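Okay, so chain A shows up in both of these, paired with chain B first and chain C after.
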Partner chain A sequence: MKKKFSMEKYSRIFILLLFIIVLTVIRPKSFPTVNNISNVLWSISVVGILVSGSIFVMLLGGIDLSVGSLMGLSAVVTVITIRNYDYSNKGVILGITLALFVGIAAGALHGFLVMTFHVPAFLVTFATQSIYLGISMVLTNNKILSCLEPKLFTSIGLGRIGPFTFPIYFMILIALLSFFILNKTVLGRHIYAVGGNPEASRISGISVKKITLISYITSGLTAAIGGIVLASMTQQGMASTGSGYDTEVITAAVIGGVSLVGGAGTIQGAIVGAMLVGLLNNGMNLMNVPSTNQGLVKGLVIICAVALDIMQKNEKKVHLPFSKKKKAGGNV
Partner chain B sequence: MNQEIILEACDINKSFSGVQVLNQVHLDIRKGEVHALMGENGAGKSTLIKIITGAYTKDSGRIFWKGQEVEINSLKDCQGLGMACIYQELSVIPALTVAQNIYLGREPKKGKTGLIDYKKMNRMAQELIDRYEFPLKATDIVDSLGIGLRQLVEILKGLSCNSELLIMDEPTASLSGKEASILFRIIDALRRQEVSIIYISHRLEEVYMLSDRLTILRDGKNAAVLEKEEIIPKDVIQTMIGKVVDESAGSRKTLTRNTNEVVLKVEGLTRKGFFENVNFEVRQGEILGFGGLIGAGRTEVMRCLYGADKYQSGKIWIEGKEYVPTSTRKSIAFGFGFVPEDRRGQGFIPLLSTNRNTALTNYDIIRQTAFSISSKEELEMCKKIIEKIDIRPADPEKQVGLMSGGNQQKVVIGKWLMRELKILIVDEPTAGIDVGAKDEIYHILEELAAKGVIVILVSSDLQELVRVSHRILVMRKGKIVKELAEGTVTQADILEAASGIENQEEVAG
Partner chain C sequence: MNKNTIRKLVSAGLLLILILIFTISSDYFLTLGNFMEIFRDASVVGIIGIGVTMVILTAGIDLSTGSIMALVGMTMANIYRYTLLPIWVMILAGLLVGTLAGLFNGVIITKFSLPEFIATLSTMSIFRALTYIISIKQNGLITSQALKARSFILLGKSVGGIYYVIIVFVLLAVIGQVILKYTRFGTNLYAVGSNIKAAQLSGINTDRTRALAYVITGFCAGIASVFMTARLQSTTALLGEGMEFNVIAAVVVGGCSLAGGRGDIVGTLIGAIFMATLDNGIYKFQINTAYQLIIKGIIIICVVVFDSWYNNFMDEASRNKKLKGVGE
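Take a look at the complex of A and B:
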């Protein structure tokens, strides 16, 4: 059996390198600086944190659309608690704990609804998205709550070690943890199995319910962490603070090769996907592409990336029993 | 016999990434003949058919249709000529009616409005159904039909195009004896109407019974083309696999009672609507066969016993203690193994590698340190399994979805072999698998039984049941109707009990 070089496996790294080379060549003064690189990484750090958890749900063939508004709720809960405790360190710890708990509870709710009533994940999280946004608005009276103190809080998003800010380290840590779970633990093996064929997994003694629940909780938890980091970065709590992040996460994952029907994809791929999006944004800024045109370019790039990916997969002629398979995670 | 040749494929070559799958293959089909195409899995049958139907492009070679050379680049080209392919994997749409499925994409329209004329469509479909006496109605929703009847819809679809050549790939693989005999009647009728049929099947007895001629492929080459009178079962098998298999061993056998201690005892097991009051016991090292037609409730009993489904009442005793199968996980930990009937849907994870698939049931015995799996041990285990039952390709990283049916099944069985099994339930373990792999699977089962494991074999393949089982229970309509435990047992005995009608079902393979 000769080992064949898998183009598919490394194609994203090639594209990433290509991006970097092209940008270095056309913007030699502004692109390859420590400052700029640090900026790019900082800009994707929250997406990187989010996708590290959301990928669990996507691997099951589900989707979490509530990520953005859950981030908002988590930010609002954190900031309100800190303000109520008079900007004390105690308030920070309590606020963060509360926000994490909210994330876990929301994830558990998603998992429960998807599992018990077989509601598609798309619908469940679409509905809860609106609910979380509503709760945040009620809590803040739809105002922006600023929070400039204490240092313990603001340094989460703005503190730095060397040239890089803390969120970059958080992203690396959480992505590594996600990598470890997905690749080295029984839980990870089970997630890929359930995503690939839930019925065969159940016959093989895997509790599909448990795996589904854990995956949605993980997604909720990383959304909460993302919300806390974002609140600290912006030094404020606002209901709509995470708006748009749900699609950013899906974009990063899809560009990174995560299958939306489940069973295939890696966290390293998703992180590379996030980097590609970050570099694209950065490149457009450096080349003075007007922000009005950036959305258009981004959309086209996403379509190309996904089309390329699907063409590659079709070439391999993998026959999958999509029609016969009942998705535990809920279809998109 | 009409000697006019309707389809001729000459010197077909095809290779995939450097591996020659078809080498100068020749196939000719006469008008109105049933032409069987045989060969082990991987012999090139499917590839040849896919080239004829336009799914693959040939590397070289020529295809003639009624004497004219043709280029077939798509399924549409192939249908345009007058060929229809009935697929092994069903492509009917469950939510639609029988008639809607038959005329999918070419529905009769009402005048120029473009609206579908359902009345006409149903009438046309019903006429077709009546002509061949299918046990169907044009207005039946396909979802409400059993898997066997769905296949008949597929065949109707092919017939409805007035095709002159039907390609049937394993048509009886999922049919009950009764459904199969209907199919055989239809094939006969088609032959009389001068429709040619390419018939691919692993069930040798069907092929002998039905075919006018036989082409055998081996390793991508023509091994033989035989006229009806030249078809001698033993020779055919030998030509196919290149080794001698004692075929007659499967037709009858003398059974003796196993007197070991009873390990598994099932009392009054009932799941309403599926089976009721099922009682049986199995002794140590016994291979207990379950015969019956599809839908007799055998699969459902096994799923309940294993903990995959819930039952309403009844008791299960294992080694003298009551056992309540609350989950598959519990059953696995207790010493159960289960090879499900629906291999693709329930047996394995197609996207994952052999390694990940065989490890799936074994994480309780693979060493873990600080939550982290020992990948090395996982891989070692997979290699052991691959070697033990000769999974091909012997590459632990090969994606199982891309392997052949026989090897996929070996992966499904393989994941149980590293465990301390008490009871192994195998449901239709050799459906759609070539003769060589079948033999290997029988040996695995026999070896396990010799070690004291209880093996419960559910099978619709009578030859297999007689050959492998130490004792046979026959189910009909959710009840155990017969036990064959002593003396000489033949395939006919099982069939009689299974169908409840004596001597009427002899044709069923």
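Take a look at the complex of A and C:
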């Protein structure tokens, strides 16, 4: 049993290495270049930041579909504040603070709706996704707002220490923080407990409502951070900035072995998942697959990953008297 | 009065209030022509809604309907452009593709036990990508393809002021309601949605019931696509984008419970007209389309929250009644 576990643990890293080797072999001129690698790391870093927070929600068996449009809203709020303060450093700090508050408020809203009314998480975030997109469109008048100054803002996404840009360090920092919370604190243990069995957790005295609220707030907060980083990388604020990132985050988590019914999955796995998604995207770009057609591969990858995950779990669960089966969406 | 009837009256009441607001504030709203337009828009959403209602009754969800519409439209465009097959063959081929897409959803959900939500989220991007792959390109650029066969664009027209799509919708809605209420499959759908374990133990083939709901949804999305492309007289790879949102909103407003087991086609019909009226009113008021997104999102949340509260309330009421009965 124990041996099999570790095989599973490292299988994703094997796939990752295999991916890198295959890409190096078939695209020896364009893949292993400094430019390309830093491109890959860029895209991985944003997804990595997002997944570090969204994993809290997924561990509860919930889901956050609003990540993409919340990123857009936070990017727009940041850029508009900076522009209103004449591109001053004060504007940057104020803009970022505001954007983070927007993220926390949005997360609190999701958490509140899910925990008080037991509304399926996917439906709540499905609806708020359209609300946030609408608000960003109203704020920007549906235009692209560019923001090339000041240096304090642009360096968030573009500044570098050594060979790597800042977002990668942000990702590592946030992922480590997330790892610490999930593995070393009471809160983390409670999140796994509630995700595994909410009823048992409630009976054993865990405040399920508090855990739910905190998890959704974390997801909103990382979405806001992702939006700020993306705004700085692209040096603009646009309502549709984050579109598509919600699926990207779910793909990363699922490939990384996070179970969508809750209770299972690790942050390290999710980060490896984000790397795989980043490499997959990059590989398809290098092979000149048009971006519009890439959805085919990504969709199939999600289906295969989830199907394999479920098959493995069914094999293990055969001996258990009660196999947990939840309805889609989950109540928590 | 039954709990579901009251819930339906609430949706109908909301619709009436909405119509009243728009009538008071605009002279153009309450005209026969405008109402036909609303019904026409509601029909496309409603046709897909018939299938999605069945899916949601089983406690599932289908996010891929918009992409299925695009795939069906592009299949027909290819046949129209590159073959000399008659129009009815083209339409049948389109419907077949829609049905197969639904079958694919059904198979991966029941055979590989994927969560409905994640399965259809993936097929949403798969079907959309397939549409792009088969889309007609000129000089390497994806273009919209005209579908101007006379007998085809006739489907987008009206007879005696009533659009064909409305007639088809009403017909399908009646069939759907009959299936739900008077056939074994319909009863099975409710049974699976209310308690899948109990349904399994009482000998219902739950996998087949659930898969069939997705197949029907695919077929319905195909029909919706036929009428949509006939009306537009062309198709693009972007056809039906965001449609799944409108459909789910309509079904939810109509009183279908996402936990499964409650709701019917009549509710979905009211929901579809509600969403179309809202769109129409917002358009007539010349409000920025961005507000449309905000208003729709808020309405969905309000309805879902209301539903949850209402369910608790009614459950408690019926429990109290039962307790009283015991006391007597």
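We adopt the following convention: the second predicted complex is superposed on the first by the 302 of 332 C-alpha atoms of A that agree within 3 Å, B and C clash if a C-alpha of one lies under 4 Å from a C-alpha of the other, contacts with A are read in each partner's own complex, and residues count from 1 in each chain.
Going forward, contacts are C-beta pairs under 8 Å (C-beta built on N, C-alpha and C of every residue); 3 or more make two chains touch, one makes a residue touch a chain.
This structure is a prediction, so every number in the text was calculated from the model and none was measured.
When the shared chain is aligned, chain C comes close enough to touch A:138, but chain B does not. Once chain A of one complex is fitted onto chain A of the other, the partner contacts of A:284 are absent, as it touches neither chain B nor chain C. In the superposition on chain A, A:118 contacts chain C only, with no contact to chain B. Measured by the number of chain A residues touched, the leading partner among chain B and chain C is C. Of the two partner chains placed around the shared chain by superposition, chain B is the only one that A:263 touches, whereas chain C remains out of contact.
Residues 325 of chain A are contacted both by chain B in one complex and by chain C in the other. Of all residues in chain A, those touching chain B in their complex are 1, 180, 184-186, 189, 192-193, 196-197, 199-207, 263-264, 316, 318-321, 324-325.
The touching residues of chain A, counted against chain C in their complex, run 63, 113, 117-120, 122-124, 126-131, 133-135, 137-138, 142, 247, 250, 254, 260-261, 290, 292-300, 302-303, 306-307, 310-311, 314, 325, 327-329. Residues of chain B touching chain A in their complex: 308, 327-329, 331-333, 338, 340, 344-352, 356, 359-361, 363, 368, 371-373, 375, 393-395, 399, 401-402, 415. Those residues of chain C whose C-beta lies close enough to touch chain A in the complex are 59-61, 108, 112-119, 121-126, 128-130, 132-133, 142, 196, 237, 245, 248, 252, 258-260, 288-298, 300-301, 304-305, 308-309.
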